[in-house]
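The chains carry the letters A, B, C and D, assigned in the order they are written, with residues numbered from 1 in each.
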């Protein structure tokens, strides 16, 4: 990969060549980044190019609204041990008001920047110069608001119906002219709308497919159909009240999102949870990872037309949920973690239940192996399909099992260790092919690894408190980044705290967002049937993408 | 004059009688098959299946049928109305008429045609025209894609289906189904023609649009395929057509490979039904086990695997028959 | 050619294995819970929020401190308290939870100083034909049972002066006019 | 576009009971309809997972005949609105509802579809607070998310309604008094970046020390209590 030819340390290069306006080193364990630098607007392309050439991927771009300017924040990270750095540029607010601010685009360097910049345009109104098709991504295109600006004070009560009626009317009017005219004229080529209501788009994704017969020439995911204003919601309520949001962000693997938020606030407050809590957290997270992968496996096979494995997977999932429910009281949208602890102690009968579950599930995994993995039809449907090259993975910032299927052993449980993961013995399964089949195999192997982790810690849970005592009242002023390996990839939370009772800005870096973006390059050349397989293999959860 | 008149009257009455019996049987049979499929799939999937509507959910499909009859029939905007109306009938009616050649016993057969099961295959092909125009007239891209797939699939699988039966025709020396079944009073053709049997089952599955070959209506890809836009009773006719087609294919398969009415103790028709339902069960079992094939793989399977093997089977059979005659 | 035959035969074997597995599962016992007849025992499922019934007094424990109201992320709770006509303490006269908005995060239970709230576990399968039924009155069971805390006469906030006289009314008055009015 | 709040096509009562007595037929039809509610494969958010779980082996909605999930709205009878309704999705839901053949029924599954759920706050900009503002709803199943049993209970309630011929016009008023407390949402004003950055600058980017020493703060290597 490109990163092997490391010329100089990126920090030295920045200090020498770019001469940032502000520069400060941070503690990776507390602030989540190694250093941050404020560079002039016109240098950002150069900086991004250097980062790209050194093998960094773009973790997220976001913006923070200040009274005089918008701060646009880029987080770069590397595969392997975490070396996250934060580059900022300022976009002064336009006095005339429209556009609100402008900034240069880095889409030509990082493909991932495409959607990130569109999101900032959508949410903050920053116009990125040089972006090929800057349009709204999460809100309806006719929308006029930029909700994450602090000047947006909410809509009047009861305006939702009005807005929806307006959208309905627009929808009825624009029924005929959805597609670009230029393409409509070409023979044999046509557009197909897959979604938002489609059995296999895993929720409310709309895929706009440009087809020649059944072969995909071009695909564009249209997202935002389940935008639930998580980020704005968190800004207007206190830290404690954000918990339900983290349970509903990715409802399938909610526990790791809980984990991320708990880590973030504990870092910021300087709280160390008791050891029992760490064990409970890892235990529940790994169980949840199994449940999430099982759900994915079931729906993925359902997409491929195999009905029966879906039921077996759900049967297993119910068993995991029984165990989790006894501890958390919920089946999927967990609000289980608390700052410095967990909501409830795990019940006594959980340990024997898990011990009973492990061998039973191992047997099931063997059955899946025979029924599905080695099935000739399944192999034909998945092998050599939806290839994700390392280059594209880097350009799109793909993380999680999708990346590990392409041969990169990146896992934040190893690379940016948190909680008790460094003490545990587990492998990071990888496959080198980068196709649908390898992503499938990686996830199945991950379930085995999770089982291994559970088996390791189930007997070692120390006695003690399940909650730490007194907590500081609020989060000290500053910026924090915390990142965990969720079921779908690396989930990051970027918090700007102004020292008050509620966050000034919370940015959620959700893995599926980048992973879904990458299918733009995986789909061309596929058939419609393959679109389903490729989409299924990325394991997306729409509300997490749309936030 | 009177003779002809009587003859015509006789004929008409017979047709009406047989028609009524067949339609009744088909409806009841389809209802039973749907229920059986739901129960079988449920058992395979560790669940119960229909349970609360009648004993073990036996009335479930009847409720479904009554509901479907009473549903609103929707004409999609800009659909080709006449063709849209015609398509379900075209799918259902030919399958229905295929019943006339199934020999329940040596003499209990409605029409013992000398072209035999070729007639069935040509009839079932008409229903593909129905599927095609259903997708075409719906004015929906998903439906169109589904019908295109159906046509491609049908053309490919017709060949292995016929080729797989040729060995039997050569051995029995007749296309007439009664002759073929009668020939099997010593041994069933499944013993000598096992590869052909596998090919036949595969191709019959594909002909009946069953999973893993259900690509024309692939739920997870094309929403509901060619019948995406059909509602109510029209949709039910497609459903009825599909299940009847399975039954017909299985009955033909039972006649060709499993010795039709032959069997100890029980009367012939019962044996035929038993064998048919066994094949239907296998078809369902296959459906609930495998993932779906992709359309190009489906073609590859037909042209690269089934047809060569079927040809090879014919060759071997021909050689054997030739030497059998030569030596004995 | 050999490769081809090998792939065909291995494919056939894999298909047969798959069918064997599904057939094996077909003879296992279904895992289905026949729901209306059988119910899964709820160990710790979070049902709708309800008041804890104290064993001794059969009464609720709420002191109307508003801690849950302030914490609730979904803003789904509302509480009305009035001044007791007896001793001037705060008395709960109305406590409603809009179950439609509740996110079952149990933060209110966490912050409650008297542990007066709980999840009503067995009530996990409530359905309704109207939205009105889903705004739950937590005090209703206690009012129906006529527990002591619901009977305390309270100062009417609308008429701030008169309650001094009302305070003289004896506590065992069967029902105060305010309590039903709050429903 | 008009919202049909009490549409005629929901009315399945025979038009002229005096002329031809169709009550028996109507009863049979209602019984059939009640026992064969085919839901639309349609999920919006979290509750859709519970909908899937309801169809899976443990709960098995197919026992009642609800298990035939139809992906095409033309063949579905029951729309289970499972999840948060974002405004961008509303035209799609409305279209789907219109595409379903009558008689058709709607269940609002979960708090979000019922009234906005946990995502309702003063001034929200992205969701529709309850699907009943756009299409008529027959049964509400609250919970966040409701258990699959609650969904089954909801469908059984709907069954009861259909059997008794009561479904037409079941439209609860959309403007239910919600006990939302008067707590205003805390919309902040933008703070000045210069002010925000101030404490960072002097001491080489050291943040103001949090209450506990930062080095120890998040170190995962908490003393291991090997059991």
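Note that a residue touches a chain if its C-beta (ideal position, glycine included) is under 8 Å from a C-beta of that chain, and two chains touch if they have at least 3 such contacts.
Everything numeric in this text was worked out from a predicted model, so none of it was measured.
Q: Write down the chain pair with more C-beta contact pairs when C-D is set against A-C.
A: Taking the two pairs in turn, the one with more contacts turns out to be C-D.
Q: Where the centre means the average of the CA atoms, what chain is farthest from chain C?
A: Measuring from the centre of chain C, the most distant chain centre belongs to B.
Q: Please work out the Cα centroid separation of chain C and chain D, and write it as a whole number of Å.
A: 19
Q: Any idea how many Å lie between the Cα centroids of chain A and chain C?
A: A distance of 33 Å separates the two centres.
Q: How many angstrom lie between the centres of chain B and chain C, each centre taken as the mean Cα position?
A: Chain B and chain C have C-alpha centres separated by 55 Å.
Q: Centroid of chain A to centroid of chain B, CA atoms only: how many Å?
A: Once rounded, the distance between the two centres reads 48 Å.
Q: Quick check on chain D: which residues sit in contact with 2+ other chains?
A: Answer for chain D, listing residues that touch two or more other chains: 56-58, 60, 63, 71, 118, 121-122, 144, 147.
Q: Which positions in chain C are in touch with at least two other chains?
A: 15, 18, 21-22, 25, 30-32, 34, 45, 72-74, 103-104
Q: Quick check on chain B: which residues sit in contact with 2+ other chains?
A: 42, 44-48, 51, 219-220, 223, 288-290
Q: Within the complex, which stretch of chain A touches chain B?
A: Result: residues 190, 192, 198-200, 214, 301-308, 311-312, 315, 371-372, 375, 377-378, 380-381, 527-532 of chain A touch chain B.
Q: Taking the complex as given, what residues does chain A use to touch chain D?
A: Interface residues on chain A, with respect to chain D: 22-27, 29-31, 35-36, 65-69, 71, 90, 139-140, 145, 147, 149-157, 160-161, 163-165, 167-172, 196-199, 203-204, 224-229, 232-233, 235-238, 244, 248, 251-252, 263, 266-275, 278, 295, 298-299, 310-312, 314-315, 317-318, 331-333, 417-423, 459-462, 464, 472, 476-478, 496, 498, 500, 502, 504, 542-543, 546.
Q: Give every residue of chain C touching chain B within the complex, in rising order.
A: Going through chain C, the ones touching chain B are 8, 15, 18-19, 21-23, 25-28, 30-32, 34.
Q: Taking the touch rule as given, give the residues of chain A at its contact with chain C in the complex, in rising order.
A: Per the touch definition, chain A meets chain C at residues 237, 240-245, 247-248, 308, 312, 315, 318, 325-331, 333, 335, 338, 343-344, 347, 367, 370-372, 374-377.
Q: Which residues of chain C touch chain A in their complex?
A: It comes out as residues 10-11, 14-15, 17-18, 21-22, 25, 31, 43-46, 71-74, 103-107, 110, 119.
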